[in-house]
């Protein structure tokens, strides 16, 4: 029986530097918004990815996928929603939706895959105390 | 007699993508934070720089100066404070302070200078309805 | 009968600003490297994506996928290889490999999907004179 | 008697991601171009800033100034010229000019100030073997 995943939401304004000559948000900026979603996810769990790194581990990104539905523009307020779609002992799969914050119009969906590494670059089990957050 | 300038404050978390291999915020990211300060300045005046561009004008950046006092790190909550230090008919000088949001520890100070341009690239007077915001 | 696709190669050094606190290239930077591959692809065809936009069209990004094989570091010389994997009347699929330039060690692979739009945002056929480049 | 400083030149194409909704290069991108000039400066001296960090030191940025003369656009080939304007025992001042590579039209000028730090964050003398490069 699956239980509903915890979903974190972060809102922010599109920065001018994130737009491009098409006068829309550059597609690479959404990858950074995804990351901001992950950061908020851990903040809402009462912790921080900074603490995860201080505990001796990294979450390396092994794959990114983004589907661009509709363009966003400067100063729009966006909301990234982020949840753990799959958690294994060594890997994590985060899923994302980015919407205009007010109308909830969908802009971008995506996933990122991560693997747990020690600071020496060895693949490692995600420590138990972190498994519960994710 | 000078009156006190209106000061806008925007807070945000340092994004992982904004850090560099020194494990601190890359110095170029603060230039984007300055811009976020300007965006917030206009939002708090009930308008948007997007409206300014739609009205037929640009504010082109003619100079940037930043002094780096102390490094910032991933996930820290920063506050950029932004005010108009000098407003002339065709040019604007914004001033900035970036602090850690809670301790108010000073991280970076700076200024940006701007000139008003039409969409054809001609120098222009800042329209009256915008002079009051700035 | 398939013919071998034309493959464009662009080389560049990793910039310090593209690294993150893990002391490796941030995963979003490779999305920009992909784009640099596309730019080089058109340059090597004797044209420029800037000309494509001047002719009245955009290539909007509809999907990005990147698989991260091995990390890259500051000042490494990387080579992005880029080719058209699929060209339809309205859409394009570019494929990418990013390698360390000297050892040819594979770092990242990926694809981007694009759709041709007019400046009004209408889906359009890629003009004939551009079909031959791609 | 002053001797002429060594000047390093690096050329590169403007990336689409570096443009903004004004359809010109975003002003923060030039700060990254300055850094690319510094990287090239050390490469042309037969070394790398990566080696400097491996030797136990950082060059922290303490100030940036940029003056924007004329806008640059996507796919233009730019050249950043970079030289040491002042070298003291603990600090360095780099100076920059960014020009269109072919016409040599001036786009941006600037300086960056740096201080030598140990990995613990202590101010340090720039080691003798590095003084000669700069």
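Each chain gets a letter, A, B, C and D, in the order it is written, and its residues are counted from 1.
Operating definition for what follows: a residue touches a chain if its C-beta (ideal position, glycine included) is under 8 Å from a C-beta of that chain, and two chains touch if they have at least 3 such contacts.
Everything quoted here is computed from the prediction, not taken from an experiment.
*Asks:* Strictly by the touch rule at the top, which chains does chain A share as contacts with chain B?
*Replies:* Expected: C, D.
*Asks:* For chain C, which other chain has the most distant CA centre?
*Replies:* Using the mean of the C-alpha atoms as each chain's centre, the farthest one from chain C is B.
*Asks:* For the chain pairs A-D and C-D, which is connected through the larger number of C-beta pairs in contact?
*Replies:* C-D
*Asks:* Using CA atom averages as chain centres, what separation in Å is found between chain B and chain D?
*Replies:* Distance between chain centres, rounded to whole Å: 23 Å.
*Asks:* On a C-alpha centroid basis, what's the spacing between chain A and chain D, in Å?
*Replies:* About 33 Å separates the centre of chain A from that of chain D.
*Asks:* Measuring from the mean C-alpha position of chain C to the mean C-alpha position of chain D, what distance in angstrom results?
*Replies:* Roughly 27 Å, centre to centre.
*Asks:* Of all the residues in chain C, which ones touch at least 2 other chains?
*Replies:* 16-17, 21, 28, 32, 35, 73-74
*Asks:* Give every residue of chain A touching chain C within the complex, in rising order.
*Replies:* Chain A reaches chain C through residues 21-22, 27-29, 31-32, 35, 53, 58, 60-68, 71.
*Asks:* Hey, which residues of chain C end up touching chain D in the complex?
*Replies:* Contact set of chain C toward chain D: 12-13, 15-17, 32, 35-36, 39, 43, 48-50, 73-75.
*Asks:* Please name which positions on chain C make contact with chain B in the complex.
*Replies:* Residues in contact with chain B: 16-17, 19-21, 23-24, 26, 28, 73-74.
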